[in-house]
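One structure is given below, represented as structure tokens, and several questions about it will come after.
Chains: A, B, C and D, in written order; residue numbering restarts at 1 for each.
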Amino acid sequence: MNYKHIVQYYETDKMGITHHSNYIRFMEEARIWFLKEIGWGYDKMEEEGIISPVVSVSCNYKKTTTFPDEIAISVSVLEVNQVKLKLGYTMTVGETVVCTAESVHCFLSSSGKPISIQKQFPEFYQKLCELSRGAKE
Amino acid sequence: MNYKHIVQYYETDKMGITHHSNYIRFMEEARIWFLKEIGWGYDKMEEEGIISPVVSVSCNYKKTTTFPDEIAISVSVLEVNQVKLKLGYTMTVGETVVCTAESVHCFLSSSGKPISIQKQFPEFYQKLCELSRGAKE
Amino acid sequence: MNYKHIVQYYETDKMGITHHSNYIRFMEEARIWFLKEIGWGYDKMEEEGIISPVVSVSCNYKKTTTFPDEIAISVSVLEVNQVKLKLGYTMTVGETVVCTAESVHCFLSSSGKPISIQKQFPEFYQKLCELSRGAKE
Amino acid sequence: MNYKHIVQYYETDKMGITHHSNYIRFMEEARIWFLKEIGWGYDKMEEEGIISPVVSVSCNYKKTTTFPDEIAISVSVLEVNQVKLKLGYTMTVGETVVCTAESVHCFLSSSGKPISIQKQFPEFYQKLCELSRGAKE
């Protein structure tokens, strides 16, 4: 289960490579795709008045990429609890790992208060727990 | 009266030059600065519930620029009437014109209906008319 | 023959819509896809030492779009001669035209001198002429 | 010693806040400014044939920002050795810390081989060591 991103010309920089900031955007693309795949569309989430700000990101650049490489991105659930979701990303071009990354997310009501996904969205929470190897329930 | 934009590294592409899409963003930066200079902050406009979508843009690329060039952008009012505002942009690096551009804007209420800036914001409209050479009043 | 672009979350702005500057990037994506479709990959062009700067763009925004709209982009050859190529773009979401646009391109050697695509790439030129309705040959 | 970045309208997203990927770009702006301040312009570095890819970044988002906030960014040298430079960033709006971040960089010759900044640029290396509290020399 992999998301694909073709590196665009406008995503390169004068070093001739994909600008490193764009990988953070590829993570978002892959995350939104992943959440939709497991039945949790980001647009539907917003319709329900939930916002999910990014708490932190980290990104390790292993190999450079450039236009028009196809980057395959796999997403995994590293950790989930009532207030926080931690995702992992592995990006490859062919057989080569080009980038590994992580992101942490929380869930807020439209008024900005943290919500418990376990209570409010038990099925989604259950799904995330199953996907998370070693997640504490 | 000029706005300055320093070309950032992330704004370049693998051709070694400023990616052409970024000039549309420089226009926005200069426009927001210009409107604020004439007493009409874009954030205040939004607070009053007015949105001002871009109707059209055109951009003529005369010379390439690159990191870390300083682009000076002058903004002028080309045309204004009750429902539409047309702005012109001249971008220079030193003495060299690198880009000329135009943008057209309309003004909508938060519900999406066109509003007459002449009626609702007569002072702002007056100011734009003064700045517009040959504007029909 | 249409290129598809799914609007990404990071391409929206605080007005809740796709930021207008991104359409210039969608044009590039569609253009590169279109040139490849007719047998003229942009990466191959660069390998041959040819660069093709954008001379001008214009963009008419008809309807707003937002995440996660799928924009279909058709590209057509509006005009071609020895030194210049003019492309047209029609962007639709479902049946609705959301944006029409044009771009003009020239072709330069790696040393920055204009090259005649008719002389140096007669087959490509021929193809462009065929695609251009009313192109002067 | 602080770099200032005014959040642009095009840097916001439909959540109404600065899109989190842009902070990685603000880090680059601040880093380039910082290196120039200590006598090591990034454009000069490139002229000397040195490229400095980003090895990793991490970013902790503390508070949201939006257009037209002014973000002040302070840069510090966290660690430097012969092959690696680690920088820290603290971003504030007024008195409020909105983001803290780190980046790691290496230095390569134009042929892609790691170079020792200590050997090739002893003065720059010395300066970085002085700035790094607790750097091992």
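Keep this in mind: a residue touches a chain if its C-beta (ideal position, glycine included) is under 8 Å from a C-beta of that chain, and two chains touch if they have at least 3 such contacts.
Quick caveat, the model's predicted, so the values are computed rather than measured.
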item	value
Chain whose average C-alpha position is farthest from chain A's own	B
Same vs different contact residues, chain C with chain D, by half of numbers used	same
Selected interface, B-D versus B-C, where C-beta contact pairs are more numerous	B-C
Whole-Å gap separating chain B and chain D, where each centre is the average of the chain's CA atoms	30
Chain centre separation (chain C, chain D; CA means) in Å	35
Computed distance of Cα centres, chain C from chain B, in Å	24
Where chain C touches two or more other chains, by residue	9-10, 15, 17, 21, 25, 28, 67
Sites on chain C touched by chain A in the complex	8-10, 25, 28-29, 32, 42-43, 67-68
Of all residues in chain B, those that touch chain C in their complex	15, 17, 20-22, 24-25, 28, 51, 53-61, 64
Parts of chain C lying in touch with chain D, wherever the complex brings them together	9-10, 12-17, 19, 21, 66-67
